[in-house]
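Take a look at these structures.
Heads up, the next two complexes both have chain A, just with different partners, chain B and then chain C.
Showing the complex of A and B:
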């Protein structure tokens, strides 16, 4: 059997197939990256809403809490399916790739919001009190006092989440997005052995993810104090 | 935009869905237990085993945490038959999830083991405990107390991960949702119902695990 597989390798790695795999790898990477960047933006908005004390923000606070608590407990596959069929029902004619981008953003917003909130909360209240004493406006104390101290606590876990999410985007193959797993499926359907194709896909995922994970660990060491940034409570 | 939601049409399928939920839970619990056993073993090897074994565990953890669970199960379910090893869908998913969980749990437990103070171990030695007693009375209680939030998190993520068993034809919650979807075509209703079921189950799991952590290990885990 092994000799068959080895004989198959040169047939698998033709220019055409390699380009297919590399393009797919790029899609995989961008799915996670776009999801995390958008997630970071909306996650900030959500956690600012959750951390505010003004009564006007109460409904917003409740909404943010419900969003974060619910979206973190729904499997990515189910979210994908809801958006997939939801787009059909509402009559939007959008591609599977767009649906995957929307679902990754929606899911990662919930997860990143929790990381951002933990980071912002880790800044000592006395810092904000000092800012208030010095007559900083709310915006100034957030931008010049809170954020610079919270940033090193937020960035490493968000990066870690981005690397984790690269692996979750494999599920986007279920709605037909041409990412790495789907490319593996296509090659398998073309007649290449499953063990060879999926083995190659596994290795490609490893090549993408491992350096990023190492870089994340470096970031965590470099910025330090990563211990405080993790959410204390379980999900 | 002329779609009317009909939750009534899928109401009769609710017992069927809850049966699927039981299979999902069985998958997650079994793979969590398997992963814990393997993970504890690996964590101890990684911390104080032979350097070569320790290096092997490191490679294992790096490989399994840096590749998607879905593709790992693909290799087990579709790839291994090339070598004459056949698994049923349930077994393939269970093995894949266990191996994957073992890698993540090794990291969590290793971090927990690192927080056991050397003085505590010295004290246990002074009291004349042997290695097994030290493990049972000193290391493990401390380990679980520290690692409980991370373990709960991992369990919840694994429960969500069981949804990919549907791709291999295991009829668990998501698999049954796909079945109902193809008989009734009430896609939105069915998938939102399933999402609610997942939320409920993970909430219950969070609360239960927090209570267990408080009761058994006096872990300081907020219940909600």
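Showing the complex of A and C:
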């Protein structure tokens, strides 16, 4: 069996197949990167809206709450399908890849928003009171006190989520996006051994997610273990 | 004109009345201490004055200007004039000692950074922490943190300083160093409103002492009266119990 697999390696890794796998890996990487960046950006905005006490933000706060509570509870595949078929029903001519980008960003935003909110809320209220009596504005309190103390709580789970999220992008294959899992399926249906094909796919997923996991661990060491904050509770 | 004038102040946590008609007038440079059993409303009074808990009724006037706690600008103006030192220090955990002292004067009051730094260094020297400028709060003892908190409050150049049980979170060995710092302030003729359970200290530094119970000032007078010849039965019971220990 092993000798059979070894003999198949040169047949599998032809230039055409390697380019197919690399293109698919690039798509997985793009889906992950866009999802992470947009999720982080809008996740922050949503969490700030949810933490605001000003009446002017109440409608936004309610929308943010509904958004986060619903989308965190819906499987990614369902969200993907809703966007995919919803776009068709509404007559939008959007590519499957664009649908996958939108879906990953929408889901990532909901999860990151909740992690960020929990991190920001974990900063002791007494720290904010100290800032308030010294006439810090809401922005100054956020920028100088809350955010620096919340970072060590926010970043490790966010990066943990991102690593899981990279794996979730495999579901984009269900709407025909040529990402890594889909590339594996294609090569497998061409007659290559499933063990060999999915072994190669596994290695590529690892190559994409491992640096992110290491970067998260690095930030955790630098920030999480830092003595420069005293969170009230972990997330 | 009284420096701090409080009239008919009522405050509630949810539906529980914690301050029930406080009247208190403090002259410029006067040192008034609030004593009383736990839950009597002493710390709440400081929280209300500093705007952390809005009053339900009554007025607070600082140097003749009545504070409108519902108006941000009025609250900001009042907070420009006073500073509070919290029982639990509340130093910013993400900043070192020097930055803790400098951040508000530089960032909020927009004062010249070099001047503020010189003042902060001098204040920290004064409270005996000139060698801890780059330390973070969790590297300091409770007494050292409390002295940083006092230096931070003073660097704001307040007209009135509110001290909320500044020694209660400290072990007995650290109490002395903080009390010595407060005595220095008293000598500088600053208006101080002190909440304390350190009766010896209260008797030594205060011009007047107010005994609080059930959200009211039950009795107020010079330390000699409150500790030597209290008029009200509740004050007598409290003082005899405290001094008896």
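Some points to look at:
Please note the rule applied: the second predicted complex is superposed on the first by the 215 of 235 C-alpha atoms of A that agree within 3 Å, B and C clash if a C-alpha of one lies under 4 Å from a C-alpha of the other, contacts with A are read in each partner's own complex, and residues count from 1 in each chain.
The rule is short, and it goes like this: a residue touches a chain if its C-beta (ideal position, glycine included) is under 8 Å from a C-beta of that chain, and two chains touch if they have at least 3 such contacts.
Computed from a prediction, not measured in an experiment: that's the story for all the values here.
When the two structures are aligned on the shared chain, A:82 is found in touch with chain B, with no touch to chain C. By the touch criterion defined above, A:130 reaches chain C but does not reach chain B. After overlaying the two complexes on the shared chain, residue contacts for A:145 are found with chain C alone; chain B is out of touch. Touch criterion met: A:184 reaches chain B, while chain C stays clear of it.
Between chain B and chain C, it is B that contacts the larger number of residues in chain A.
By the touch criterion stated above, A:213 is placed in contact with chain B alone, chain C being left untouched. Shared-chain residue A:194: touches chain B; no touch with chain C. When the two structures are aligned on the shared chain, A:53 is found in touch with neither chain B nor chain C. Shared contact residues of chain A, touching chain B in one structure and chain C in the other, are absent. Residues 50-52, 76, 79-80, 83-84, 86, 88, 90-95, 103-104, 107-109, 136-139, 156 of chain C touch chain A in their complex.
Remark: chain A residues 126-127, 129-137, 140, 144-145, 148-149, 227-230 touch chain C in the complex. Chain B makes touch with chain A in their complex at residues 1, 3, 62-63, 65-72, 74-75, 78-84, 148-150, 152-153, 156-157, 160-164, 166-167, 174, 177, 187-188, 191-192, 194-195, 198-199, 202-203, 206, 209-210, 221-222.
Note for the complex: chain A touches chain B at residues 1, 5, 70, 73-79, 81-82, 85-86, 88-91, 166-168, 170-171, 173-174, 180-181, 184, 188, 193-196, 198-199, 201-202, 205-206, 209-210, 213, 232-235.
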